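Paired with chain B in one complex and with chain C in the other, chain A is shared by the two complexes that follow.
Our next item is the complex of A and B:
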């Protein structure tokens, strides 16, 4: 009796300490979550804080006098004449008109406010509308990147302003009159890469990513699902299939750059495929995502209750009918989720693409699977390493676009699972 | 159910089609590889070339000088690059590799110079160094009383009393970078050679001692991203950074550069080789591809034109130290005749 009593006493005495321990244990968990959240918030705040200005462009709106004599052009449909025509002069004259106190000596300083590619815009406009020659048009052009940086980041420690004081005064004045203005950066979404930050866009990289992802999905999903079905439903249980299983699990943990080396050795050096093309990128990423898809597909097949199989077999279905009519539809949501997560992983990958030449400066938007292309994370990598400071905000903006893609892919995975999943 | 099956079949079909169709395609885009130092200049030329002409914009990969040579010398054919950039001259061994793989005719273009600077924030104390002092500050081993010992210098003032009494902290590129190669070779080894103790070293010792950077934390390897070094310098006035001249020019109102052997790194001093840590930049053209890949000749002409590399050329705006007029005229001639590079020139 006394023994029991003292045990209860002991328990009571230790109770407080045990509760304290439990509270501490919970606190650890909360601290861990807080650290993770803080890291996430810092990351997002940093990227958005640096990158939101990347979605703005600075433009200058000018009344351009398209005088044929100034441009050495009397027929805007003549290719030869277009080649030798001067499209910079009308822009400089138009801008000089907006700055009344400017003299001929300020010409170069004024020219430096206009984007070097503005003359290309003017030429293309004239090529498209030859009738404009001889008229005066109100047109909007990009400013020079130095002006862009000044308008957006004057007084910001992280940027250096390369305009001189007079140019600053002009820009301030033009801005107050609305001639220099910031607006939504459509160039960023409609152009390919450029070494001029104002003209650089992500369309080339987005298209490259989509082409690469298409190849990856088209190859890895059918192969992965077929492998998973065979291994789960048909393969005999022996040493050999065990060996394959261990290897697939190992492959899932192999660093991605190894797949790049493999792609270089096999697809480019052995098969003679071209460098930097989405097909090779897709093949390499297929190798990388296959294990993920096989593993998740096998898990999905395993989670189909045996009773379903038994019932189908009981009704006289063949093994193949059991798999195709009953197991596969029920396992599909899990397989799709796994594939989408594998795709999201592949979308953010740069290391294996480095070796097969997709880390490259490519201006033209790719228009096929065998066209040189790059992908979004590579574009971020390239911009982040550029000497021009204005690329920092473009890189952060591109990261936001990439994150938006990843979040929507993961959201799709969750939605598919919610939508198609069956519970027993 | 049926739709699922159909979707599955479509995927499988699309997969097999994409898998088998891998023809060795004709290429209509110039493919350029090579040095990350030349990359910012070559990309600008490529983009201008793309907008100016009807040819497609060349594709550029930044593979480093050595990596570029390897790819370039792999052979003739559209899967191999047409042009490689380098921040140093082609080595004789690389030339042999090219010859072995059938890349017989190569034309070399020396396109200008680049300087390596030691910069700090404008608020920091600027250094006035000799190369000798630089080696004594950053070398892995330095001579003390005739013996080579692990670098004992903690503060700049330990190296020379005229230097600031502040700890030696320098950020620079990692060993994989061409900038680091040049820094070791042009700055440290040159500084080492200026020491009387270096006379007694044989060739192997010279390489290991004179081209090694200390690894005790005074020299911090910052990765290939020079922007990071710049950011760090602005925040930390006790820190000095090693990078290419173009990054100094881009941040000219926030950074200052140390003088080396009394020379301030300016475009003129680097072009004339008065600044001691200056190197030449090159590109190499595979002649067998000229006329096969459209636009090669035109691209080379564009690169060597006055509009690009002249006194007011657009490459000057992005920080290239352009060659003097007479050299530029030579380049233009070369672009027309494309003379072959010989092994004797590289020896």
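Our next item is the complex of A and C:
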């Protein structure tokens, strides 16, 4: 009796310590989740903080005097003359007019405030409207990248401002008068890559991604669904079927870079296909996403209850009719969900595409499956490796665009699942 | 015609064949007294005709498109005069790129030797011929096979059975593609790996502690001989993976335990998708984060307490990789913990154990094999991860265990050796394939072991 009593006493005494342990254990769990969520928040905050300025461009609005004598141009319809004419001079003169204290000696310093591509913009405008020659026009041009960096990041640490003090004073003054201004960066969404950060855009990479994804989807969805149907509905129980299944499971876990090696050795070196083209990228990503799509499609087929199959068979349908007319439509939402998630994975994939040469510097927006192209994540990689901080800003902005695509794809998948999937 | 357009044309032809097949079966049925006297529905006659039309044509198209590039290259190189004929595969690829640059107009023909310019013309002519031949062949195969298929339509023909068995074979070949992919991977890496070992001795690769693949480009150039010892690469990979696992395993495991045992339905419903978001973020984004935010932060932090840290420290890459792997560990452990039968939990709690004691002494031991399997899968993912280390880890192959120093990994070296122009014969390029082979074998072994453990464990409670 006393023995039992003392044991109960022992337990009672240890309770406090045990409850403390319990609370500590619980706290570890909360801390773990907090760490993970903090990492997520920091990541997003970092990207947004670094990149939101990438969606702004700095422009300068000038009253350009399109004087034929300054430009050495007397006929704006003559292509040869347009090619030879000087379009920088009118811009410099117009900007010098805005800076009253500037002297002839400041000419080069002032010229350095204007984007090197501004003269191209002016030429194109004049080419489109030859009648403008001899008039004065108010037009908006990109500023030099150094001005762009100064206007956006004057106070930020880590950004080296390349303007000298006098140039800074001019830019401040012009900014206060509204001549230098920031606005929504449409160049970023309408151009290809460029050596000049102010001129660099993601359109080329986005189109490259879309072309690559089109090839991937067009191949991997039908092949994946067909393979899943075979394995779930027709495959006999034998060693060969087992072998196929083992292969699919292993391929799902093979590092993506190995698929890049496969693409390089087989598609490019064996078949002699061109490098850096969306078709080869699409083929490599197809092989990479197929296991994901097959596995999720099989799960979708499995979830269709046998009663549906039995009912159809009872009505005299053949095995193929049962599958194509009844099982497939019911499994389709699940298959689509899996495929969208697989596509999102492929859209974010970079490593295999590096090996098949989709890292080239490509200015033009690709317009076909056999044009050299790059994709959005590779563009991020290229810009992130640049020593210029203005490119880092663009890389962050491009990441935001990429994440927006991925989040909307995943949201679509979730919506589809909620909307279409039936519980039996 | 371009392959893509030809593909569309074949599809159109197949649709036309469907129409003809459908119509013919109906015409044949009319004198017999309606389609109920046919063996199959008219749909199947049409489908059969269109399959007959499309499949041979598509096979021809695929084979032609796959091999034409190589055949044309060989023909063009073969037509070069003897003094220009390339001696090695490296020279051949240089010559070919020169010729194709001339052909595409990127390099003016006046700047190269006359035979090269001729070869460029020849290349253009061959491409044109190949396109024409391909178009002719594909269209004629489609029309001929479609016509044959159409001709063979009889009321007694059981088109449905035929269509269904063709479809079944199509489905089968799609499934068998998985085997083909594996075979492709094995052959592409194995072949080059053997050639690599023909140039660099086995022992040097496996036991050498020096890695500097910069071999001389020209025979007369003074340069380092190039060392191919993979030990520094493997230790670097292991160091970064180990750092990643030290971050991912405790955090992932504890969050899985909290979410499955403690958290209410609402918390779980919010936190779980958020954690899974970490898995959906592209690796290039993690690489960006590691290289531009975490690595400078770590080196500043180390500097402020008086330690020297590299700006491309293994710690930065490893920690960020760990964050990436958290959801992987947590969702796998979550599954395993949930698979432990409720009766074990109830039994333990009924004996007076607290929740954490139940977890630590009953559920965790029961779930341990499954959790180990999940961790092994996570390790294999860490080893194969590329973008984070390419962007945040360095290129210098240091043999060190100090997480603040720069190390390099297998995947980084594969990417560095293979990006940009390369000659296909040098030990440098082949080394990348040898590394790829090692990576493939290592991840494959880890996966096989992990899946075995997970499966064996599952059988215990099912």
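Note that in this section the second predicted complex is superposed on the first by the 394 of 424 C-alpha atoms of A that agree within 3 Å, B and C clash if a C-alpha of one lies under 4 Å from a C-alpha of the other, contacts with A are read in each partner's own complex, and residues count from 1 in each chain.
The rule is short, and it goes like this: contacts are C-beta pairs under 8 Å (C-beta built on N, C-alpha and C of every residue); 3 or more make two chains touch, one makes a residue touch a chain.
A quick note: this is a predicted structure, and the numbers were derived from the prediction, not measured.
Partners chain B and chain C, once the complexes are superposed on chain A, run into each other and clash. Contacts of A:359 after superposition on the shared chain: both chain B and chain C are touched. By the touch criterion defined above, A:157 reaches chain B but does not reach chain C.
Applying the stated contact rule after C-alpha superposition, one finds that A:392 touches each of chain B and chain C. By the touch criterion defined above, A:276 lies against chain B but remains apart from chain C after alignment on the C-alpha atoms of chain A. Of the two partner chains placed by superposition, chain B and chain C are both touched by A:384. In the superposition on chain A, A:223 makes contact with both chain B and chain C. Residue by residue along chain A, chain B and chain C are tallied for touches, and C comes out ahead.
Judged by the touch definition given at the top, the superposed model places A:35 against chain C, while chain B stays out of reach. Looking at the shared chain after the overlay, A:369 reaches both chain B and chain C. Using the contact criterion defined above for the overlaid structures, shared-chain residue A:47 touches chain C, although it does not reach chain B. Among the listed stretches 9-17, 27-35, 45-53 or 81-89 of chain C, only 81-89 clashes with chain B once the two complexes are superposed. Residue overlap on chain A between its contacts with chain B in one complex and with chain C in the other: 222-223, 226, 271-274, 357, 359, 369-370, 384-385, 392. Residues of chain C that touch chain A in their complex: 2, 4, 66-73, 160, 164, 167-168, 170-172, 174-179, 181-182, 184-185, 187-189, 191-192, 250-255, 257-259, 262, 271, 274-275, 277-278, 280-289, 291-293, 323, 326-327, 330, 352, 354-357, 359-360, 377, 380-381, 383-387, 390-391, 411, 414-415, 418-419, 424, 432-433, 436, 439-440, 443-444, 447-448, 451. By the touch criterion stated above, chain A contacts chain B in their complex at residues 116-117, 120, 157-158, 160-162, 194-196, 215, 217-219, 221-223, 225-226, 267-268, 271-276, 279, 282-283, 324-325, 328-329, 332, 357, 359-364, 369-370, 372, 384-389, 392.
The part of chain A that touches chain C in the complex is made up of residues 11, 18-19, 21-22, 25-26, 28-33, 35-37, 39-40, 43, 46-47, 50, 222-224, 226-227, 229-231, 234-235, 243-244, 247-251, 253-262, 264-266, 269-274, 287, 290-291, 294, 318-320, 344, 347-351, 354-355, 357, 359, 369-370, 377-378, 380-381, 384-385, 392, 395-396, 399, 402-403, 406, 410. By the touch rule above, chain B contacts chain A in their complex via residues 1, 4-5, 8, 11-12, 14-15, 18-19, 22, 24-25, 27, 29, 31, 39-40, 43-44, 46-47, 50-51, 56-57, 59-62, 77-79, 81, 224-227, 231, 234, 246-247, 250-254, 314, 318-319.
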